[in-house]
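The same chain A turns up in both complexes below, where it pairs with chain B and then with chain C.
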Partner chain A sequence: MSSQQTSQWEAPESVVQKLLRWLFEVTPFILKRMLYGLVTLVLVVVIITSIIYIAPVDPARLTKGQRTDAASIELTRKKFGLDKPLPLQILSYINDVSPISFHNTSSDFKEKYQPLLSIPFGGTALAIKAPYLRDSYQRSGRRVIDILKEAIPKTLLLAVTSIFIASIIGIFLGVIASLKQNSWFDNLAVSLSVFGYSLPSYVSASILAIVFGFYLAHITGLNIQGDLYGYNDYTGEDYIVWKNLFLPALALGIRPVAIITQLTRSAMLDILSQDYIRTARAKGLKKFTIVFKHALRNALNPIVTAISGWFAALLAGAFFVEAVFNFKGLGWELINALMNYDRPLLLGAVLFAAVVFVLMNIIVDILYAIIDPQVSVGK
Partner chain B sequence: MSGRKLLEVKNLKTYFTTEEGTVKAVDDVSFTLNRGETVGIVGESGSGKSVTSLSIMRLIPMPPGRIAGGEILYYPKDQDEPIDLVKLSEDQIRKYRGNDISVIFQEPMTSLNPVFTCGNQVTEAIRLHQNVSKSEARERTLELFKKVELPDPPRIFRSYPHQLSGGQKQRVMIAMAMSCNPDVLIADEPTTALDVTVQKTILDLMNDLRQEIDASIIFITHDLGVIAEIADRVIVMYKGKIVEQGDVYQIFANPQHPYTKGLLACRPPLDYRLSKLPVVSDFMSVTMNEDGSRNITEKQSSVEEVIENFKVSPEQTKERHRNLFAKEPILEVKNLSTWFASKKNFFGKALSYVKAVDDVTFDVYPGETLGLVGESGCGKTTLGRTIIKLQEARGGEIIFRGKDLLKLNQAEMKVQRRDLQIIFQDPYSSLNPRMTIGNAIMEPMQVHGVLANDEERKARVIELLETVNLEARHFTRYPHEFSGGQRQRICVARALALEPKFIICDESVSALDVSVQAQVLNLLLELQAKLNLTYIFISHDLSVVKFMSDRMIVMNKGKIEEMGVADEIYADPKRDYTRGLIEAIPKGRMEDIIARVNPSLQ
Partner chain C sequence: MRIQLFIGSLFSLFALFSCSKSTEHDQTNESIFTYNQPNPITSLDPAFARSQTNIWATSHLYDGLVRLDDNLEVQAALAQSWYISEDGLQYRFLLRDDVLFQKNEVFKNDEERRLKAQDVVASWNRIIDQDIDSPGSWIFNNRVADENPFVAEGDSVLVLNLKQAFPPMLQILTMPYCFVISEKAFQTYGKELMTKPVGTGAFALQTWKEGQVLSLKKNPDYWRTENGQQLPFLDRARVEFIADRKMAYLDLIKGNVDFINGIDGSFVNEVLTKDGNLKETLSSELIFSKSPYLNTEYLGFNLEKNSKALLDKRVRQALNYGFDRAKMLRTLRNNVGRPAQSGFIPYGLPGYDESQIGYSYNPDKAAELLKQSGFPNGQGLEPITIETNKDYLDLVTYIARQWEILGVQTKIEVFDSAELRERMAGGKAKVFRASWLADYPDAENYLTVFWGGNPAPPNYTRFQNQDFDDLYTQALRTTDEKLRIKLYKEMNQILIDEAPVIFLFYDETARFYRKRVSGLTPNAANLLNLETVRLNTPY
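On to the complex of A and B.
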């Protein structure tokens, strides 16, 4: 056998070369997906904004409460611009959200929009800015963006934790079930996952909270409710209460585990009967290598779809679970905003969810291209 | 080394447990394989030939399968005592798999893992059994790729399976099977899924390689013509049992068992014209005993006699052609083109095209069969699909009974579709698995409102089932309950449901065993005579096209290479491309076998 020095073949590609070649192939595809994503996003913003504005609710009355007089309501209407015609209100909101927008350069222009760049002409300016989500009708008129900035990291942490645990457990259970098809383990896994999937999250959350956060609290040391941040009364500093993440993550993870288990199981059953698995066996490979290298990678496609869908859904806010545990994430904010009809906060949260879904779709498309080389990255 | 015993299969019994009871897939089979020898195992689907090879590798899916008895003795080079592969544990047998005994499977399309590069899959096998570094394994893989005559080995090394052609994939499989210098190489129908021309190159390659490597080959196929090209010894299997074995010369010169005779006779002949193909049932009849065993009765002992009865004289053919071509053509194809975009820019606009059908002109006369032959990718299938508007044409005319199909709107086309039907290649995937075959055949009649109600249609379906030699009781069955040949007959019945004038058969027998292929071809010919049908018969196999067709068109790269009376093209091909196609047909001629096996006999 010829040694490496006398090799008649060119040297193999280095990892960097491989990566560059792949990036070169995949970049136009990503750009295209992002373009589609952008178009989707614009449509979503227009449609959602219109729906929420058209809804027959009077935010001014809700903001001021029941016991109020016509004059102060009128004042509030003026303050929030609710006295203007509806189409104008909608356009004005979309203009505020849009990163490229037109504004009259009145006194509070700079402070409100904090534009990166503004090109003034006459009394108007073309501004390039971060989306301006306005101020909350409640919460002492805080900027919506600030409220979201506080809530999103908590929800993100919750979503990542629960989907991570769910993926590991789900894939593991699914693989084992597929390898032992029709065994007691398989039957148990399938029945449990049907049960888990049918269990509404507020039921599982309530049960978990009562059992582990109340009856067994002396053993588990967990709280029945609690936010991720605690407040130290003496120093006045916030600190993270990690244990308050545990039960919500568990409650949120149950349904994803169920669906991931089932999808993994059925995808693996399909893949394990493929000809190339027989080829792998004929090579003399160990069962472990066959299952986890040759089979699982081919089975990943539907699993990734499920995981990403669930992840996006959790990111958009886990309403019931956050409400049950009083975990002040995005879902909690959204429910409150909805109950008080705090329109800017409501819109801000919903638009964030839309962005998450669009981005997730792009990421998943790229993941498909990584997992399965047969996915055409649009030449 | 050669001549010594290498593998000895003794009384092997492999059974499958099914709902209907135990199926004896391999029933008491014994044979030996010597060093340096190529043994061919031949038989139709269900004869147990593949199960035999999978049993040797211990790759039978368990359950439902199990090796119920017997021994598989392997004699390694450096050891006197044989090893009984049946008795090894799963962990022990793994060391032999891919190392001492390796296998090339039938379907190169699906036998390679789609998510790993070809190089990765071969180096994996090398590194598994041999203690070599990653770069050494790569080196060896590239050399193997060169040995199996793959172009540009480094490119193939980093390619994914879907980027290669079927022939190239099979070469990668061969490289993988040879990667650890095995003693036994099992080739399980390695060329069945490939075009005849590609089959020829793979067979040549295997013949070259076996001179070079010190491996014995077990070559499994349904086609005795292929066996003639490669085997030293032949084992004929039927329903799990060996019915005949002997050296290749003996089997071809003097077949003993009627089944062997049937297999020999059912290949479409090249040097003369037959009115129909002999089939296995012309040679033997089978009756089942009460205990499940079979009684085989020989009906005809002489292959020549059977063939002589079916022969058609050149004068008869001439007479037929005179009648056919005197009529007005039923279909005129003029300057037809179908292009596919091969490169698109960022906005999806086509920048360049593959001309799958490129300016093709021909006529088809009522009652004739026009053959369309060429390699994969020559455009023959696209042409067929374009004619019945399953594929959009780019330009030209398709004049069917005076009407240009390309100018018709959807409603007008629907009327024409009744008379234009197609039978696809793969009988496994062209029937909806969730639909009973009765409903599948009835559906086109419902769509076109043929007959007054479902009652009458059902009666007609049963009539059709009987026409294609199936039975009325099959009406409520589902496709998976049928064999490949039966399914293709169901597809024929479905195509006939609307009483079409014109049927396009697109590789309709390519997925079938040679013996089953003969039955379906005979059925098509019978129906043509009875119902005065016109066929366009598409295939990559010139022998099949020649048997079926009055005239034939040889296609290459979207264009017509050659067109004319089938027998004349075969006898006197004008183009090199046509000669290549003829050359590639495994002919199973005695003189070729003698030249290969024992040149001194000539």
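On to the complex of A and C.
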């Protein structure tokens, strides 16, 4: 950087100074991106609330059944806040979610919002609180945040496992394919990965479930479906059923495997033809060392980027796989919320997914800026 | 070196997966009966026992004053006897004195666990309490007296006062909404009662993890006995929540689940022959039980706003004659269900009469009726649009094709179930697929669907008929059981003549369970009574 050249007399920057300067440069950028992110989240709330508002279904009737009378439905509509006009519904939801908000200090104010701090003036209070995602319409009126707290770690674990499996298999296949370019193995790996990429996850999930969880179950010992947590009726203990993670992770990993295989292969092919690899060969290094120490390390950059991109998608997009395997994570909850018109749960789940995407995008941008000096954070 | 690392990590990954504990059945000799529910339980509070899933769960945990036996007769339960006043306005129940609520932290001693009339008063008041907002409030609203509807006389007599006589009241009292909770538990737990049930039922709650598992254990103090043996026979019961019915079926075959209820297009042809019998290859492992189910499936016409042709009852009659119900059930439902040829009151319910001739397949008569109404071979008839949800698309398609043979142009529109119901309630649906499931086993529950005083729902067809309404009022006034049944039949005949609906079929329950299960009895209300169930070979 130019500043270093002109100020040669000064002592070189310490690490702390460097970090501070970098933070100073990067903070406005992060703030700007966060503002964009916030706008995105508000838009998500507006769009989803409007869609459900337009949907020709009355959630109140859905919870009360066919036999109930009009007065009773009206009561439920009021309880859900569905009797208010749409803009008011949206505003009051945003107010509920926002960490800084205004509330009526009615009887259930404290119980409902659990504010960390509330400054009352008149009948209203300014509250600082954790986002209140409301209560589910269907699920015994449980707090949405509690439902999500149970579901998200499972999906997170599922996503991590499947990316892990996908990376190992994908990189392995990609390296071999690049080393044996145009051989039968290469052709097979490439066509398989095209096939894998075009296979919808619910199809691969169903096939895996039936083949490995049913027909071959006596060999594999796997369950055809099942949640991450099991419950022992006799001891009353919960335990984690690790094997129930395997097939969903595999099913979810098939598409990333395809991508990673292709990426690894092309990156490796590119690098293997470069001069320093030839030099390494000329030096008489072992082939294994050349491939894994010199070539693969350099080929990993684009792969890591791809993996982090996929990770966000997996975290939010495991819907079908979770539904097929009855794996009660975020996707499963979301599908159920959709089917039951459970608006608070739906909004909560989608908002979480949106937050993940927004944060992931910001992080990836910052990482780019760190890795590649050509990318400036200001742009 | 690196490659070893790769392979090593792969192996350790597999090792990780394979080392999970197998804890299902290997610890004791206690018998555990597992069944599947595709839909999650939303509450264990009887006041919210609306869906079949909730009804089954609460019925393991709680009892009512009276219960239905397998022949749908009302039997004594927590009440040992009852007396109904001449005018039908007052019901007096004498409670059993040997009933204890399940052990719970809310009770300090056994005396507090004893069932008292005051518990019943508290339970039933909850149903009409606006703060509780129970979906079952309709069972008492406008029926029970405005003041003091439920009165406890001492500890063991309960009095129910009605506003006007309502003969099916006793049947209503068998519904899960009327199950008796402990007043003490309600006072302590309040709304938490939905996760902390305290009942008198055969099973007590061990754990409920919403959407994952419901685990029940035997109530050692249960009051019911059979031939001197205390019930229930099972030590434990467990409910799994596998949403995909095909997956649940495969788990039944694998033996992870003992019982599933209902058939689904995804596996029906694997398990049943076209005639509706269990396939031979499965008969060594499974038992298939089919029995009447108080559920009538129909296509309704909106009689308030509709095309002129469909407002003509001759056209509706013609359409009723115009398709083969028996063939439809055989080809599309593997014979699960009976053709609805005797009106709206389903097979299995008092008031159903096989000799009452409704509609069966008769294309000649259909053509004749179309001609009479001025639409020979369907000429001049506007196309009919049937609205359905996706589960019934195949049935509706079959009917539409058969109507087209008559010359009636038919279109089909598929809606989401909730949206379809909204369209039916709002009057937007002109012709719609619907079903009516009994809330309580009295034909009144079916005929009320067409009573002019009812809005939609339940009167989705907006049927208005003075004779019908008069008979309805008359039937509810009489205390003479035989006369009432006779009146019900007359009303059923009006429905057949006026044809406000296409009568499709009377549903049947289809249950599959493993051979080791015995003592499971079918009943038309599709209740799952686990009290007398046994498992023959414990794991």
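Going forward, the second predicted complex is superposed on the first by the 268 of 379 C-alpha atoms of A that agree within 3 Å, B and C clash if a C-alpha of one lies under 4 Å from a C-alpha of the other, contacts with A are read in each partner's own complex, and residues count from 1 in each chain.
FYI, a residue touches a chain if its C-beta (ideal position, glycine included) is under 8 Å from a C-beta of that chain, and two chains touch if they have at least 3 such contacts.
These numbers come from a predicted model, not from an experiment.
In the superposed pair of complexes, A:143 makes contact with neither chain B nor chain C.
In the superposed model, A:278 makes contact with chain B only, not with chain C. Touch criterion met: A:13 reaches chain B, while chain C stays clear of it.
Of the two partner chains placed by the overlay, only chain C lies in contact with A:69; chain B stays clear of it.
In the superposition on chain A, A:214 contacts chain C only, with no contact to chain B.
Of the two partner chains, chain B is the only one touched by A:28; chain C is not.
Look at A:172: by the touch rule set out above, it reaches chain C but stays clear of chain B. Taking chain A as the reference chain, the count of touched residues is higher for C when chain B and chain C are set side by side. Shared contact residues of chain A, touching chain B in one structure and chain C in the other, are absent. Listing the residues of chain C that touch chain A in their complex gives 1-3, 6, 9-10, 13, 16-21, 23, 27-28, 30, 32, 40, 42-43, 50, 130, 133, 135, 137-138, 141, 191, 194-195, 206-207, 209-213, 215, 217, 236, 238, 241-244, 247, 250-251, 253-254, 256, 416, 418-419, 421-423, 425, 439, 455, 457-458. Those residues of chain B whose C-beta lies close enough to touch chain A in the complex are 57, 59, 94-99, 102-103, 105, 107, 110-116, 124-125, 128-129, 135-136, 138-140, 142-143, 153-154, 157-158, 160, 162, 173, 176, 343-344, 346. Residues 1-4, 7, 9-10, 12-13, 28, 31-32, 274-276, 278-286, 294, 297-298, 371-374, 378-379 of chain A are the ones that touch chain B when the two sit in their complex.
Contacts from chain A toward chain C in the complex involve residues 55-58, 61-70, 72, 75-76, 79, 138-142, 164-165, 168, 172, 209-210, 213-214, 217, 221, 223-225, 227, 229-236, 239-246, 288, 292, 323-324, 326, 328, 336, 341.
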